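Heads up, the next two complexes both have chain A, just with different partners, chain B and then chain C.
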Partner chain A sequence: MPATYEPIATTTLSSAAASVTFSSISGSYTDLVLICSPAQTTQGQGDLHFRFNSDTGSNYSFTRLTGTGSSALSSRGTNTSFINFENYGYPSDILGNSNQIVQIMNYSNTTTYKTALGRANSPETGLEASVGMWRNTAAITSITCFMNVGTLKSGSTFTLYGIKAA
Partner chain B sequence: MATTYEAIATVTVGSGGAANIEFTSIPGTYTDLLIKFSIRDLRNSAGPGYLHLKFNDNTSSYSSRHLFTGSDDGNPASQARTDDYASFAINTDYSTANTFGNGELYIPNYTSSNNKSVSIDAVSETNGSFDAAVRNLTAFLWSNSAAITKITLYGDNNFKQYSTATLYGIKNS
Partner chain C sequence: MLAGNTAYVIPGDYESIATTNLSSSASSITFSSIPATYEHLQVRAIMRLGGSDYLTTTFNSSTAVTARHRLNADGSTVSAGGGSGTGQDFGPYPTNSNAANIFGVLILDIFDYKNTNKYKTYRFFNGFELNGSGQIYLQSTTAATTNAITSIEFATYSGTGFVANTHFALYGIRSA
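What follows is the complex of A and B.
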């Protein structure tokens, strides 16, 4: 049986770092799934952001549905230079306490803008179900995950999978 | 190429129901675990069905935050818990016949020596009041450094016949 769900690359940080980048992503899949287990060096200091193809322009937007543990909220950002899937579900400073799962559909087509679904989970602080958009028709060939403030803690893990259609 | 997304085991509840669904002797050869479930319990009174999640028979060190629809007025709400409630979105015998709550649990790095956070999405639908028609997103945490070798799903009531869950293993290389 041909494999339809394949690991593309995985990174486990051996020291604190501001970002993780998956580059030279093949266009041979249909969708991408990014499994993140991030921790940040200082609790509450920053948020995990995402960019595609190193584009730092104001070409992104996102909408988030949040559970804080006491309230259900929604929030959004427009014309940002990044996607931020979390508001309350930001990375903990304790390894293993947080995860973010990002699904990017039809990432290699060159006709449409790219949208992604995000789930952010930090049981200490909150969770999100979010959507992000990159207003660009280029195929996604790199993904950068970065902290807007502070650094990712050593031991944080990031794995990118590819899913193939028939 | 090696298979990286594999079915490990499936459990389907037989006639008479069952108190739980268990996956035991989970090998440590994968990176992440995924469970897809379809569950109805035998509660026969109003309200949502509750799903609990337990690792390695451990009864403590669980916490979670929930985002859900399904409160009495149908508006979204959120809740923080310090127990093993994983979801409020399994159907009960009080809801529309033949409906089962469906969902999935994703467990990254289940063999690591860090704590284990779980992403859970689940839904239950009934042709009735809001409180049993639930969309529930959960951030779940087991604050324990042990590798997960056993997973138990259980409810406030026994699971009904035909409830089922499949455990998958996912490798990152």
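What follows is the complex of A and C.
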């Protein structure tokens, strides 16, 4: 039985950086799973955003369900230039204190807009379950993860997996 | 599971069982003859419905459901609810009345699907985005059956069915 769930690439930052990009993603899989273990240089400074195929246009949107520790909230972004899966589950300034898991469904088909499910977990501040969409039918060949303010701390890790269907 | 290490799923422990990709509309999608080779099942799907409707999930042609609960959000309001008996799963999906090319997404985990000593509890993580509206859902449901699950049928509550390019993929997860 061939491997169905495969690691594609891993990036571990050796110094602070504003972004991490996975490029030249093949169309060999059906879904992508991106496991992020980000930390930011300064607590509460910024949020982790995602873009596909270097598209900086206002072609993204997202809806979030948040737990703050004392209440449940919902929020959304419309006609944004990024997807942001977190509101309270933003990266901590301590390595290992937060993670985000992004499930990018049917990323390589050229018929549908691309929709992803996200989970953000930062026990110091909160968590999210979210959905985001990129209004483009192109196959996703690159993913950029970036801080809107500040930088990702050295030691932050990002691993991309591919899932094949029968 | 730690990002940055090697794969947290050992190749061969998470396997593709079957996939359906609709080339035209269909009223239902069924995975049958599911082997008892695995410990858990996962379904990953994108879907668009023929009309305003709800997904239904049926195991072994039985509609027995003990209970279901949901937590969902629409961009401004968080809601929770529950129900029992047979009926639709929670969460609408995009339809032909929505902008073209928009599909909802679903990840469904079915735990201990072959265990004949207990009911089957499964969870949904699903949602859709319409750029200005959208919904995100967390749901769990218990099917009141101790039978091993050998078939899963996905359909819609009011019969509007699925449109072309709807895609369902079934995976099996092995135990040690």
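By definition in this document, the second predicted complex is superposed on the first by the 166 of 166 C-alpha atoms of A that agree within 3 Å, B and C clash if a C-alpha of one lies under 4 Å from a C-alpha of the other, contacts with A are read in each partner's own complex, and residues count from 1 in each chain.
Note that contacts are C-beta pairs under 8 Å (C-beta built on N, C-alpha and C of every residue); 3 or more make two chains touch, one makes a residue touch a chain.
Computed from a prediction, not measured in an experiment: that's the story for all the values here.
Enquirer: Which of the two partners, first being chain B and second being chain C, lies in contact with A:Gln103: first, second, both, or neither?
Expert: Touch partner of A:Gln103: chain C, not chain B.
Enquirer: Which partner chains sit in contact with A:Ala3 here, chain B, chain C, both or neither? Use first/second/both/neither.
Expert: Touch status of A:Ala3: both partners.
Enquirer: Name the contact category of A:Gly126: first (chain B only), second (chain C only), both, or neither.
Expert: In the superposed model, A:Gly126 contacts chain B only, not chain C.
Enquirer: Considering only the touch criterion stated at the top, classify A:Leu95 as touching first (chain B), second (chain C), both, or neither.
Expert: first
Enquirer: Is A:Asp31 touching anything from chain B or chain C once the two structures are fitted on A? First, second, both or neither.
Expert: second
Enquirer: Counting touched residues of chain A, say whether chain B or chain C comes out ahead.
Expert: Residues of chain A touched, chain B against chain C: more for C.
Enquirer: Between chain B and chain C, whom does A:Thr159 touch in the aligned arrangement: first, second, both, or neither?
Expert: So A:Thr159 meets both chain B and chain C here.
Enquirer: Can A:Thr115 be said to touch chain B (first), chain C (second), both, or neither?
Expert: Touch partner of A:Thr115: chain C, not chain B.
Enquirer: According to the stated criteria, A:Ser70 is in contact with first (chain B), second (chain C), both, or neither; which is it?
Expert: First partner only.
Enquirer: What residues on chain A does chain C touch that chain B touches too?
Expert: Comparing the two interfaces on chain A, one with chain B and one with chain C, the shared residues are 1, 3-7, 10, 35, 37, 65-66, 72, 99, 129, 157, 159, 161.
Enquirer: Tell me, which parts of chain B touch chain A in their complex?
Expert: Chain B residues touching chain A: 1-5, 31-32, 63-68, 75-80, 106, 108-109, 112, 114-119, 121, 137-141, 143, 170-173.
Enquirer: Which part of chain C faces chain A closely enough to touch in the complex?
Expert: 1-9, 11-19, 44-46, 71-78, 101-105, 107, 125-136, 138, 165, 167, 169, 171
Enquirer: Can you check the complex and tell me which residues of chain A touch chain B?
Expert: Those in contact with chain B are residues 1, 3-7, 10, 35, 37, 65-72, 89, 94-99, 101, 119-127, 129, 155, 157, 159, 161.
Enquirer: Which stretch or stretches of chain A touch chain C in the complex?
Expert: Residues 1, 3-7, 10, 12, 30-31, 35-37, 61-66, 72-76, 78-79, 99, 103, 105-106, 109, 111-113, 115-117, 129-133, 135, 137, 157-159, 161, 163-166.
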